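Listed next: structures, encoded as structure tokens.
Shared chain: chain A. Partners: chain B in the first complex, chain C in the second.
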Partner chain A sequence: MNPEYARHPIRVLADYALKGAVVLVFVFPFLWMISTSLQTFRETMAFPPTWLPASPQWQNFVHAMKAGPFLTYARNSVVVTASIIALQLVVMIPAAYAFAKYRFPGRNALFGLVLLAFMIPGQVTFIPVYLMLADWGLIRTLLPQILPFLSSAFGIFLLRQYFMQIAEEIVEAARLDNASEAKIIWRLMIPMSTPALATIALFSFVSHWNDYFWPLIMTDSNAVRPLTLGIAMLRETEGISNWHILMAGNVVLVVPILIVYLFCSQQIVKAFVYSGIK
Partner chain B sequence: MASIEFVRVTKSFEKSSVIDNLNLTIEDGKFTVLVGPSGCGKTTLLRMIAGIGPQSSGEVRIGGKDVSRVPPGKRGVAMVFQNYAIYPTMTVRDNIEFGLKNNRVPKAERTRLVETIGATVGLAGYLDRMPSTLSGGQRQRVALARAMVKEPSVFLMDEPLSNLDAKLRAQMRIELIELHKKLGATFVYVTHDQVEAMSMADTIVLMNEGVIQQEAPPEDVYRDPANLFAAQFIGVPPMNVGELGIDGVRFGFRPESADLAVLSGAERELAAAAAGDPIRPGAGAPKPAGADEARYAFRGRIATREMLGAETLYQVRRDGEPGASFMVKCFADRFAVDQEVELEVPADKLFFFDAAGDRIRRDHPAHDAYVAALCSREPAHA
Partner chain C sequence: MPSRGWWPLLRPYVMIAPAMAGIGLFVLYPIFYLIKLSFYKYNLMNKAKSKYIGLDNYHQIFTRGDFYQALGNTALYTVGVVVCTMVLSLLAALWLKRKSRWNRIVQAGIFTPHIVSIVSIALLWMWLMEPNQGLLNYLFKLFGLPPSAWLQSSKTALLSVILVSVWQGIGYYTLIIVAALQSIPPTIYEAAALDNASRTNVFFRITLPLLSPQLFFILVIMTIGSFKVFDTVQVMTGGGPNGATSTIVYYIYQFRTTNIGYSAATGVVLMAIIGLLTFLYFRLLARKVHYQ
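Moving on to the complex of A and B:
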């Protein structure tokens, strides 16, 4: 970028205005959700809309949480999401390492298969998968929400790209230092790729924490339902127009994502310090 | 300790073979330098010894034992890489210690070794720093320490100095020579820099296109090159080469073997009149006895002058004649650009190469005839 242009005051102003507009587009619905979750029923129905509640209605949250077994939903969401991320990392790291650093016959064909899996949407396979899991008698457990996501094609792809950038000589030096392949992965590849791992884990977390379609198909009792389904069901128990209660439920759903995101983004910044040395 | 042998070794990448049926013995305890232009297969050989780029066929022996099936970490070799390959997420101490840990050396022993080696390479105060906070030279030392600490019988070095600045490189060359003397291990050093090869090697293995051109001590490669490639690879600037015009034979002489003398206007006329024995004032040292013996003489103009401090390089050229251009290295800076000069080389400093580039030595039946042909040339004509 040419610094001469950047310093021109009109340009600076236009620059900030544009950025501000983009931020507003993304942040506004979110802020409105929070605001609505703290309003009274009357305020949510008022026109023109209420921007800020007269006094925050914290009991909306209590109300929402009492409308169903939310502790169970929350526990299910945590267990499912955490298991998926942990298992994905266990499967993905060695796979990406092999694709990136080994030469073996059929490597490209196998990697093509991974990319193919990447391109098939879950909506294509959910019926056979459901029938298979039902056949195994697993529908009343959390496993149908976990097992199909054991391996993440996207994660393998992204991590392989990252591993490929790590100098071959570092792996060779470690082999000359008599390190086992497991040790090379554990002591070198993982610490050197924390930004990629944090990014992949974050994507995986957001998509599975927010997943609605898959658990909707794979569950038939409240005992195994996650938060997304529980909050969707508020519409039925609370009625379609109780927006303040629905939004309170949604805030509960979204807050963990924000916390995890803040944590991950710090990790990503920290980890980039390592990749600075070549 | 450990000598290294390559027995009928071949290496091919995707059908093209880089090294074909090569035999080489690297002596135990010697500092051997594999040198050649990039892509000549020198690094390929080094990686075969390390086991990180195994041969396609043939045998590599370390200490007489075939190591083809021995993994890299169990060969008793250590390697220093061109880009150092330091583990960036580990401290200097962890970097040096990593190999020891993997070899299950007890903790107390490890700590002692790391401290000792760290002090030896001058990193004592840096052991708990991260590599990213170190300078290039210090990282180089980490890589060296990491190799030394394992007390290997074979040290492999792949252009370890090429990322350092010229001053540090000169210093590290001396340190490596001393290190080799102290450790007494077998050093195999890969470089494309003939200065490094000449200055450090006990034995130079000169390679080109996967074939060994010459295997000899540095002074022999310099004084008695096996072929045209060796003659032109070693020496700065490279050996001057010209066509003899008989049987496709080429002659050569080193820039430092030629004497230069100015031709003044009068002398030029004189020389033209009495071609064959021009008078040369200002040529410096008095002519040694036997100065009348055969010499190759060439007249031209100084086209460029490079004053390098102790020595000066002149390019002597005869305009309009392709190939009529020679480099001369003088230890006194006496000439100026555009001066007319005569260059001459004593017969015993001349080299001859046949059409295939192989050396024609003194004992070759045609050698003397070639010398006579060259030295009887009129200095003003090609």
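Moving on to the complex of A and C:
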């Protein structure tokens, strides 16, 4: 409560110990996953558990990656996530600008629709969306995983807030200098709102890279499946008791994100807090 | 250029057109389509054979035991997740609110699971909860507790899923509450200290009321999010054992190919529940703003 509050050294020590223990509760499972991924089957079956493998079994990774077309899965994950982020930005920037800086009949009603879309989850609409995309003959392509996320209601909402905070005088001054609206957006709005754009892109990256529900519904062949589905399918191809192989697959999915997190945890944390408060 | 006159009028609409087209096509139109489907016995193979059956699907939903089981599980899950996450993240936030290097590290640590895919989290916890070789039962044994069947018994399966969701969610909500706590002006606390207010008094009379808008926001986000629970259940238990962890979205998912109309009707029910929760949220929020 108040920092000057006199603290006994033992209390300080206990506080640190408790902090260490709490971090361990949240981080240890990931370390355990890595350890298991390097153990032999026999080691994983031992009780009490084997904390560290006698010699790291790197071939578990080879084994896991050979269980399915993992290069294809990885490529699909990258293509889908990158396309979503790029498309969302292209669609959302002009929309957010129009909602923030123009007055036009129907503006509030149309923005109301954006907010409504924000509240309708994919878990409600997935059946009709699937039928529609199947009608269009797209199920064998990556488009069903990309197109439905074309407009991010969350992104439009956040970016509009940000654009609205940019003073009208600055925009007016640019207009007096005969800058076109496109130039104002490109040279003024985008550079001035990079924190918001970074937050939105990061958010999109984390949620679509990790997405499981939507690709599960929208895919019926390995050619279009992303990594999350590939890893989950290891349960069927490898059997549920081969934990060393399952965890090796899991490491492939998790470690890239954990490495990114290790290096920019503060930015990621800020982005999530920002999105939660607005 | 003749465009001078009408272009500025048209421009905003052109700029929002792609975004609105996306929303119209993938959110608004599907809602109407969903409602329409819910009145049909839909034939996936041959659409011409689909038959209008009125409210039959809804009638079926509300007379079937497995729907009530899924609804009950979802409600239990939601209450469990919301209560545990709220209490634990509030405690964690009060404990970690001071800006210091260590507190930042702990916050980053407990936030870690939030950025990892639920599939990975689920697989990882299935391994930890493995009844024979799992680490959790080993720890139980160390402390002299009887081993648990975790996901494999209908008594503990839902509880196990709740545990995983709480573990994954706490970090995010702690961060939001910490940010809210840090935005409370310190002068208020200084004034309370001058008045010799006790710590419990400060908490219940100052901290909690000032925090209430954010706590309320979190409550709503969490409730709606919990009602949509699917991934953990699909990966960890497949709704089992014996439907003990079947949830509404999992239920919809199960019928998505075999009985589309029925599945759609359940989707409409879910939408109504979420709509009701959102409506209640705005009503309560409006009242709150009034009072202050």
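To be clear about the criterion, the second predicted complex is superposed on the first by the 230 of 278 C-alpha atoms of A that agree within 3 Å, B and C clash if a C-alpha of one lies under 4 Å from a C-alpha of the other, contacts with A are read in each partner's own complex, and residues count from 1 in each chain.
Note that in this section a contact is a pair of C-beta atoms (placed from the backbone, for glycine too) under 8 Å apart; a residue touches a chain by one contact, two chains touch by 3 or more.
Quick caveat: nothing in here was measured; it's all calculated off a predicted structure.
Trainee: Where does A:Pro191 make contact in the superposed view: on chain B (first), on chain C (second), on both, or on neither?
Mentor: First partner only, chain B.
Trainee: For A:Gly137 in the superposed arrangement: first (chain B), second (chain C), both or neither?
Mentor: neither
Trainee: Regarding the shared-chain residue A:Ala179, is it in contact with chain B (first), chain C (second), both, or neither?
Mentor: Touch status of A:Ala179: first partner only.
Trainee: Let me test your reading of the model: by the given contact rule, A:Glu169 touches which partner, first (chain B), second (chain C), both or neither?
Mentor: It touches chain B, and chain C stays clear.
Trainee: Looking at chain A, which partner touches more of its residues: chain C or chain B?
Mentor: It is C that touches the greater number of chain A residues.
Trainee: Where on chain A do chain B and chain C both make contact?
Mentor: Touching chain B in the first complex and chain C in the second, residues 273, 276-277 of chain A appear in both lists.
Trainee: Which part of chain C faces chain A closely enough to touch in the complex?
Mentor: Chain C reaches chain A through residues 9, 11-13, 15-16, 18-24, 26-31, 33-34, 37, 92, 98, 102-120, 123-125, 127-128, 130, 132-133, 135, 138, 167, 171-172, 175-176, 179-180, 189, 193, 199, 202, 214, 217, 221, 224, 228, 230-231, 234-235, 249, 252-253, 256, 260, 263-264, 267, 270-271, 274-275, 278.
Trainee: Can you name the residues of chain A that touch chain B in the complex?
Mentor: That would be residues 167, 169-170, 172-180, 183, 187-188, 191-192, 273-274, 276-278 of chain A.
Trainee: Using the touch definition from the top, list the residues of chain A that touch chain C in their complex.
Mentor: 1-3, 16, 19, 22-23, 25-27, 29-30, 32-33, 36, 44-49, 90-92, 94-95, 97-99, 102, 104, 107, 110, 113-114, 116-117, 119-121, 123-132, 147-148, 150-151, 153, 156, 181, 206, 209-213, 216-217, 228, 231-232, 235, 243, 246-247, 250, 253-254, 257-258, 261, 265-266, 268-269, 272-273, 276-277
Trainee: Using the touch definition from the top, list the residues of chain B that touch chain A in their complex.
Mentor: On the chain B side, the touching residues are 50-52, 71-74, 77-79, 81-83, 85-90, 98-99, 102-103, 131-132, 146, 150.
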